[in-house]
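Shared chain: chain A. Partners: chain B in the first complex, chain C in the second.
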Partner chain A sequence: MSARAMARVESARALRHPAFLVAVLLYAALWAYEAWSEGWSGQYPVLQDEDRYTQVTLLLPAVGALIGTNLAATRMHRHGAQPLCEVLALPLWRRTLAHLAAAVPPALVAAVLTGARILYAATAPTAVGSPSPVELVTGPVVVLLAGCAGVALARFTPSATAGPFAVLFLGALVLSSALGARGMKWVGPVGVESEFAAPLPAGLMHRPALTHLAYLAAVTGVLVLLALLRSGARPLPARAALVLLVATAVVTGAVQYRPLPDDLAARRADAERHPGDRQRCRVAGQVTFCAFPEFLNRAEDWRRVTDGILGRVPAAERTGPYAVRQRLFLAGGGEGVSATPPLQAWAQDDTRHRTPGAVTVGTGWGTDDIGGGEMLSFAVRFADRVVSGPGREGAPTGSMLCRARAVTVLWLAAQATPETADALRSLDRRSFGGVTLTTLESSQALSVSDPEVRVVLDLLDRPTAEVGDRLKSSWPALTDDRTSTERAARLLGVSAPANAEQASEGTLCAAR
Partner chain B sequence: MESEERSAAQQVGLDRVGVRYGRRTALREVSLSLGRGVTGLLGPNGAGKTTLLRTLATASTPDTGTLSVLGLDPLTPTGRQALRRRLGYLPQNPGLPSHFTAYDFIDYVGILKEISDRQARRTEARRVLAEVGLTADRGRRIRKLSGGMRQRVGLAAAIVGDPELLILDEPTVGLDPEQRLRFRELIAGLGEGRTVLLSTHQTEDVAALCHKVVVLDHGTVRFQGTPAELALLARGRVWSSGERAPGALAAWRTGVGTFRNIGVPPTGASLVEPTIEDGYLLLLDGDGDGDRNGDGDGDRTPADAA
Partner chain C sequence: MRGPLTTALVPHLLRLTPRTPMALGTATPLAVAVLPLALSTHLAPGDAALLLRVAAVLCVFPVAFALDDPAADTTATVPFPATVRRLLRLALVCVPSAMTWTTCALLLRAAMHPYDRIALPLPGLALEAAALATATILLSALGLRRSGGERGSALAAPGSVLLPLALALSPAREQLFAVPYGESWHASRWLWASALTVAAGLTAVLLQERPRLNSPVSVTT
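Right after this comes the complex of A and B.
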């Protein structure tokens, strides 16, 4: 009963501890900044990825919990009150138990933060996918582990500097995981994935989330028992449990590194080569959008882009139907199947599912600097498909767009939405000598030279309707890649850079 | 029947207790018997007072000998645990968590003393803070309290749960005269009906408070008896003179201009009534090794004094 009373008091103090409060405020500030800088419409959350993103930021409250519980457990020693308190009736091991119990409320706060964060992401109109409960529980468990580590540390050394050193150690583990240090990914509290990896359908993911959770739980148990044993708890049962938990931690720690299972590799190969077999399609106007089921809501975002492009094309030239198909290419992710995109298999897959020449779109979406090529790349690829006209489905594609055609395709793509226009400006700022738009992690790239980009950027500063009218009135000339950039610019009401024609000389333009 | 009465009267009993810190002997075969009331523990620095108090308070374990405290054996885990529920201990210069308020700290100590009922604990915290005169300051953080107030917080912590045995290690150190008087009042009140063991350098405190006094030196008991009996040790050994007596063990000019001398008085010396301080000084300094009996154990009894 007294231990419970002490746990109540220590819990309240743990929640009010400056270290924990500062950590939670930092967490909230980071979240607010993220939400403010991206804006609601700038976020395209994939919930099976968002779930694990909640873990990294929870390391802040975890650090706060570690420092807080460590200082609480060393409080009497640090203040010289140990001689007074050591002879009080409540046994040390029960005091330790109370301190350990006080690590639970910060973990519950972490659970609330996790819930709020995933709810925020899930209620975004652009959200797709579904979160994993195991991944969501991991963050709060890390906070619990950190709190218990603070208490255990206090039972081995009452120094106030031990906590900050433990935090440094924790940071080193997370950094090792993030940097991909060999064998370190799952040793630390959070298994950090490459931020450049495209999202995957939940069924094709390979994260040992449950095993990692068991590993964290076992490590937490080890810390709890070490703290209790150090405090004079009954040694025999506790020692037996400690041995069991250490063994569990070792086994689960090792199992986390299990390689990609054969059946999952086979499913990935199939999804990569024959995505149509696993997808559902939605028809909107002239365009059929096909996606893995959990990504199908993304079709609304794709449609904003395709509508923005088709709206600027003369009615007679909208020779649909058009198709958009979501595809995976895992070679860049290190666990892929093919070294190059299986273009032939994709063409066959499209034919089989009656979507010949479907424009590829990846599983990522957005305009940010990291994943941001996605929206503009798709827009360029779709605009290129529209400009190409009928009968070009399945034709081999080059990697360079040239002259008037490049101007037309890039302008159509960029003006499609405000985000695509911003994305082009942003990409131009970060590029030199033109821009390259990648789809599926560089597996298919389209480049545009600098003079054409300059013309398009000038056009974006002019009224869209005016440029659109000029485009419609000169459509045949502006979609012909024999038309020079200078003439295209003149037809559209702007002037081209002086070296416009030289830039295209010697380049291999996309075959049309 | 007589044995039972003696056992009831004896609250603390030590039999040939010895404590060593490495090669240094802190307590050497100490045997003591204490009953209810306030017992003063006198001795110079390093005499072993704190070691003795820590041993009785279960903070350290003796290397040799046996103990009986409140009828319990603190050397066994169950005895130690049971004893901790019944004793209060104020160590020398106790540190206190400075960011706690006085009330919060006493409430916390209440938890550590296993008062699990929240209401009972609150009532007890208010009671002990009132007893040490800190009711008005109970909401102030400890770091904002004066030294005397902090000492009183420590005493309040010691008396939480109304312990039967109270062990106070130099509780009046660093207090101004007024605070010391308040402490005496407090301790005198606490000594009614319970056993209080008070370690101090202040012989005035012993004279004012204690019904029994124990003098410890070099880890051995040099005297145990009443304060009057300690003073009696110096009867016929303290005299007043106009000049410092050359053969005196200690001599000092008093406020009235005469010298107070302790030692072997010359013939015709003007003897004065001794105090316990005289007895204490004579006991410790009188014969170098302090063993005035020459019996080797150095333990003076009232009979020796008489």
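Right after this comes the complex of A and C.
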């Protein structure tokens, strides 16, 4: 009875503890800053990824809970009142149990924060996909684990150093996972994925979320029992349970590292080579958009780009119908651009699904460096398809856009939306000697030399309608890659850099 | 007069330095920094900068405990300005911490390929560590005000781990913890320098001895 009363009091104190309150306020402040600085217009959430992003931010409340419960469990010692506890009727293990119960309310607060966060992402008009309940539960369980860790630690040492240092240890585990340290990905509270990896349809993902949840639950149980045993709980049943939970933690910890199952690997390979079999299509104007079902709403965002490009092309030159197909390239990513995409298989897949020459679009989309790059890359591929006609999807890997055509394609792509214009400016700041836009981080790419990029950046500062009219009136000359960059710039109303022709010497453009 | 007194005070303050945080704040960053050398790994500049940032957080940890004075009620009567005593306490912790950070920096630099070493901007990274340390001292000074001069660490210790975590999770993390010599490197240095200046100014104000209106020690029976 009195243990329950103490649990109630400690629970209320845990929620009011300055460390937890500050952590929750910091969480709220960071979220508000993110919402304010990016807004809904700049967000393109993929909910099967957003669910695990909620876990990392919950590390703040977890830290608050750990420090709060640790300080609460060492309160008597810090106030020099420990000897007085000897006369209390409530045994130490029951008091410890009350402190452990006080770790639950912060976890409930974390659950509310997770719910609010995923709801916020899901209500964005640009949201696609669906979240995993297991991933959503993981964050609050991490907060519960941290709270229990604070109490367990207090039963081993009353030192004020222990709590904050345990937080540093927790941070080191998360950092090791984020850095991809060998064998460390799932040891810590959160399994962090590579930020360069493109989103996948939920059915093709390989995250042992349920096993990790079981592992975290087992570790939490171990901490609870350690705290109780140190506090003098009945040793025999508690020890037996401890052994069982340690074994569970070890087994689930090891199972998390099982390799990619064969059937999933086969499904992934099939989705990569023959995406059309699993996709649905939506026709909008002259363009057919095909995507994995959970990404089909992204067609609206792709359409804004394609409409922005087609609107600047003379009506007679729109040799549609056009097709856009979402594809995966699993060998792409942050490990360097080297792998060749299965262009042949893609071309056959397009023919089979009556979308010949479909322009590739990935699963990534956004306004940050990576998402913006994907967005601009797609816009350039689509503009290139519009300017040069069908058949380029099967072209040899690696290609250089030259002179007037480079200016036309890049300007059409960049002016399509304000976001594509920003993406080009950002990419230009990060590039040297022109820009290269890869297809899904593969070896297939379209490159544009620096003088043409400079001309396009100048054009972006001029009224779009005026440049568009000039483009329409000189379309044949501006889409011919024998027309010089100087002439293209003159026709569009700007001046070209002095060294425009010399810059193409030694490149593929010089041979044309 | 104050010079000899200060010298006389040093051994006593040295005895009061927080030993456990000092030991942890020395051993763990050195372990982090020595690992790449032990594994004979050639560190990339970005990875070396990241590890040095981690080492900085660990080095700053003991600073949170530097101003703790459990006997504040008694030492209030000492005929020596509290500000000077606090500065001495800080020096006794901050100097070893700075030395640990420097050792870490040299170890990590040694683990890099000789051609890459120029790409590790030690002064810029030292600025981050200094700003973090100053923010921790500021929190400690605030903690002292709230605990009657006894336990600055009650606020500074959680703060010293929450602050870097919040910065690392913030949407502006790429601007704050910028890639060395990357796009936002120079702008981020101004940001850290500004934070350091503001924190140092506030700390200087908070560390001043407050005028006592009543007797410094109240004896109750």
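The rule is short, and it goes like this: the second predicted complex is superposed on the first by the 489 of 512 C-alpha atoms of A that agree within 3 Å, B and C clash if a C-alpha of one lies under 4 Å from a C-alpha of the other, contacts with A are read in each partner's own complex, and residues count from 1 in each chain.
Throughout what follows, a contact is a pair of C-beta atoms (placed from the backbone, for glycine too) under 8 Å apart; a residue touches a chain by one contact, two chains touch by 3 or more.
If you're wondering where the values come from, they're calculated on a predicted model, not measured in any experiment.
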- Message: By the touch definition at the top of the document, which applies to A:A284: first (chain B), second (chain C), both, or neither?
- Response: neither
- Task: Applying the touch criterion given at the start, work out whether A:L175 contacts chain B, chain C, both or neither, answering first, second, both or neither.
- Result: second
- Task: Scan A:R4 for contacts with chain B and chain C and give back first, second, both or neither.
- Result: first
- Superposition-derived comparison: chain B or chain C, residues of chain A touched: C
- For A:V87, decide between first (touching chain B), second (touching chain C), both and neither. first
- After superposition on the shared chain, which partner residues are touched by A:V187: those of chain B (first), chain C (second), both, or neither? neither
- Item | Contacts of A:V56 with chain B and chain C, given as first, second, both or neither | second
- Looking at the overlay, does A:R75 come into contact with chain B only (first), chain C only (second), both, or neither? first
- Query: Okay, in this complex, where on chain C does chain A touch?
  - Reply: 18, 20-21, 24, 28, 47, 50, 54, 57-58, 61, 64-65, 151, 153-155, 157-158, 160-162, 165-166, 169-172, 183
- Note on the structure: Seen from chain A, its contact residues with chain C in the complex are 18-19, 22-23, 26, 30, 33-34, 37-38, 56-57, 59-60, 63-64, 67, 159-161, 163-165, 167-168, 171-172, 175, 179, 429-430
- Message: Could you list, by residue number, the parts of chain B that touch chain A in their complex?
- Response: 54, 57-59, 81, 84-85, 87, 89-91, 93-98, 107-109, 111-116, 118, 121, 154, 157-158
- Query: chain B touches which residues of chain A in the complex?
  - Reply: 1-2, 4-6, 9, 75-76, 79-91, 95
